[in-house]
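You will see two complexes here that share subunit A, one where it goes with subunit B and one where it goes with subunit C.
Right after this comes the complex of A and B.
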């Protein structure tokens, strides 16, 4: 079902089941986010995507809602950049800057809202984690839920079971890649990948001898989840191409001999 | 009494009638309060001694007395515990020690003699009061939610039945349709007692209308506000009342599964609820085909893990599901997608326990109590600097003054420092109400209007020895620890605010800090994910509103008027009042006091060494040492 709503004075079409953020982005209207990613369920923790929401029937009452969670609905009137919205975003970024003064993403966003220096007291030993929870949610969705947020309040952090190397981790790097601030560190050298205090052996293609950007655990996990032959994940692209070409060549030869059907079946 | 299972409403009525006529009902009762407060005061030993003494009586005497001892839930008058009440006479003994038990048994119980020294003395008149009902603390209350607490043994379903228990449930299930029940609750305008004050009837109605495979009812027993213990007392003292309310609610909305979420710190509540659920199930009041009506409903207990935030409804539901207890946005209400994404009715303990009473006496009776928009009664946990701390239940709209000087008995200390300064209501989400607003009626809307809130009913009375900036700091430190940390404004914002208020307490405050508190509050209020964050700045905002001068004294004069903030006070010896006894010198762990112990001598306090613990001032019998 499609309907209309208004964003920043513009009449736009929206779909049932869509969030305000999705509708706005589909129409090229920017709303800043830090904890949002299309691959995972919306979370609503960073509060940057707050927008002003009202309806003609609400008699002038306007609520501040998180666009990533608020469902689009007929006749909504949305302001994505009003002074009230900008004020909340400014304070949120000011707070995040006090937490993570070294995170480039935060510095850049804060600067866009007029905050060059935090007006609060910076954290004593800052890191770059803004606790958006994306790493945890991506790991839950795409991998093995090997990490989680632990503790609460200002003691909250992203952690591993008992603070040690996470036993379920497959070293897929999804957490590191999705991290908006680059807080999650990893390294790769000599066919070994290091992340979360664990070492993972990278797969070596048997055909070409090349090191592939995938760990042995990851290959096994993906093969199992996808129900595919593990060899699909443990061969280099060249080796796969060679194999495909060889197979096709065989088929072509067998075709002439009238043997194709049986061979392909097997 | 043999175990029975009620197959029908008639069977239930027959059994209750038999019970009324039985020897069990006509027994005289010795009620020993075993609420948590009295237990802490040694009630367990009193109960053991009482049992021993009663069994030691000759058999003939025992038959003649026809006596039974019952360990009851909290009588509410925790200040004076352990309490022993003799029924039906209503003789009320306070501060009972195991050594008093023999006297109670041999003189009062056996001979009808009243033990003067165990009677309560009414502070206003100085008179000893013999009867329960004549004590101001109880006489000025109106008990609806707490009607059974203290009168019954919470572990006995028959005690509850004799007080009219489960009759409302039977009435609802057998003479009313689910719609009738719902309409009755709507008409009663029952508002949620857990904090928000949302209309319970409306909540039930939308859950009933919502589409779903199953519906759930939940009782929120995760009471976590500092100083509040109404729900604990109800769960401990009248567990069947909660269960009956939930059965009626489940019947009205068409639910078959209920959960009672009890916080980790309430083991006694869990024990009593578990027993009550088992007993009710045994009698056929819970489970399949209740009373032969075809209605199925059962209750499970879910235990919290000790997080304050799990009292928030969406976090509570996540916790019941076995997930991390964190709130989520409520743009889709729990009545549509709550527990396991199914329509869910979540109400607080006190709300549920009101339900049977409404069904019993009717919505018209309930709406005759209270104010225009807040009906019925409200239980408060009255604590702080009042004479009678404890649980009080009064009609909605009773003024703060009437509560504090009525059941509360007024301020503890009659001196100048003991004068009333403020009352904190609503826990960490509430605020401090000053003296000028003492005649404010206690109902949901009035308290919210002045910047505080009803909350679940915590009420902390403060006098002039309390520093309001320090109070704000305390609540902020509570909230920064108890915030789940999911969203930025609550996690980072409250932490920064705690930092600012702490600096003010330490004498490092600047005038600009007050502006920063106010602007930061605005973002926390509108920007936080859940109600805990949104109401987090309340303790600061309300103290700033009514006690700005105290903040200014800390910031501009570097002075703490209440003499609480350590960095801003010094202890001085009044040499004229000092008699040289040396108690201060011996009490000082920092060796900051010098002088010779001799009559006529006096002492000096070294400010540099003094760590402002106040021990010297506490031990000084002549009040010669004071903070300034």
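Right after this comes the complex of A and C.
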């Protein structure tokens, strides 16, 4: 069911079940986010997507809501860049800057909202983690829930069971790729991928011997979970392409060269 | 005439036409105009690395331009752990949602034809989308000098 609502004075159409953020983005209205990712359910932990929500029937009352969680509804009036919204986002970014002064994405967003230097007390040993939990949620959805937030309060951090190498991790790098600030680091050298203090052997192409961008654990996991034959994960992209091209070329040239049908080896 | 065909479709910009890209490798001269056309259409500044079409040299003067075949039972759709690769039911085209992708690289390995590509510069997965959303026929076919790539509408 489609209906209309107003964003920044513009009448836009929205669908039932959609969030305000999805509606705004579909119409090209920018709302900054850090913890949002399409692959996982919205969580509302970074608080950057705050917008002002009201309705004509609410007699002037305006609420601040997270756009990523607030469902679109008929006749909503949304302000994504009002002075009140900017003030809230400025405070959020000020806090985030105190937490992660080295993160480029935070510094860039903060300077857009007029925060060059945090007004709070910075952390003594800052890292780039904003504790948005996106990596944890993606790991739950796409992989094995190998990481989680551990401890409470000031000591809360994203970590592995007992702080050691995570036994369930498959080394798929999804956590590192979705991390908005680039806190999760990994390295790859000589066919070995290292992430979360654990080493993974990369699959080698059975034809060329080149390393594939997936680990042996990941190949086994995907074969089992997605119900695929393990032979899907044994050859590199180039080798597969060359093999297919050779076969297709043979098929195509039968009539051009006037040859009798030769046997096509798969 | 033998041809390798990739069924695909159209958006509203192309009206009700369905579009199918026909590849006839016996006419390919290896000029790589299709790669450049693709790179300039989809990439930023036409780096050949951004091309979704790769011409493979299989022998002396033998070239095969490789495109996504838009498989009926696509391995990339099946392997994606977050459902970012989907088949559009109305247009029958396999589409990558880069907002949903977590870059686990499973699809680039799983594709049995090697037609899923990773662009390290922009950090995204891309594949041939038959120029859906670019308003016209696939650009590679428009620039192919030997009619190795042709477009069929029905």
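Just so it is clear, the second predicted complex is superposed on the first by the 241 of 266 C-alpha atoms of A that agree within 3 Å, B and C clash if a C-alpha of one lies under 4 Å from a C-alpha of the other, contacts with A are read in each partner's own complex, and residues count from 1 in each chain.
Keep in mind that, in the parts below, a residue touches a chain if its C-beta (ideal position, glycine included) is under 8 Å from a C-beta of that chain, and two chains touch if they have at least 3 such contacts.
Please read these numbers as outputs of a predicted model, since none were measured by experiment.
J.: Check the residue A:71 against both partner chains and state whether it touches subunit B (first), subunit C (second), both, or neither.
T.: first
J.: Classify the contacts of A:195 with the two partner chains as first (subunit B alone), second (subunit C alone), both, or neither.
T.: Neither: A:195 stays clear of subunit B and subunit C.
J.: In the overlaid three-chain picture, which partner chain does A:22 touch, first (subunit B) or second (subunit C), both, or neither?
T.: neither
J.: Which partner chains sit in contact with A:92 here, subunit B, subunit C, both or neither? Use first/second/both/neither.
T.: In the superposition, A:92 touches subunit B alone.
J.: Between subunit B and subunit C, whom does A:156 touch in the aligned arrangement: first, second, both, or neither?
T.: first
J.: Is A:47 touching the first partner subunit B, the second partner subunit C, both, or neither of them?
T.: A:47 sits against subunit B, while subunit C stays out of touch.
J.: Quick check on the superposed pair: does A:7 touch subunit B, subunit C, both, or neither? Answer first, second, both or neither.
T.: neither
J.: In this superposed model, does subunit C or subunit B come into contact with more residues of subunit A?
T.: C
J.: What is the shared patch of subunit A, the residues that subunit B and subunit C both contact?
T.: The overlap between the subunit B and subunit C interfaces on subunit A is empty, containing no residue.
J.: Name, in rising order, each residue of subunit B that touches subunit A in their complex.
T.: Where subunit B meets subunit A, its residues are 307, 309, 324, 328-329, 331-332, 480-489, 491-493, 495-496, 499, 516, 519-520, 522-523, 526-529.
J.: Can you list the residues on subunit C that touch subunit A in the complex?
T.: 1-4, 23-26, 54, 56, 58-59, 62-64, 66, 75, 78-84, 97, 99-106, 108-118, 123
J.: If we count contacts the way the header does, which residues on subunit A are in touch with subunit C in the complex?
T.: Going through subunit A, the ones touching subunit C are 37-40, 138, 141-143, 172-174, 177-178, 203, 212-214, 218-219, 222, 225-228, 232-233, 235-246, 248-249, 251-256.
J.: Could you pull out which subunit A residues touch subunit B in their complex?
T.: 43-47, 50, 64-66, 69-71, 84, 87-88, 91-92, 95-96, 98-99, 119-121, 130-131, 133, 148-149, 151-156
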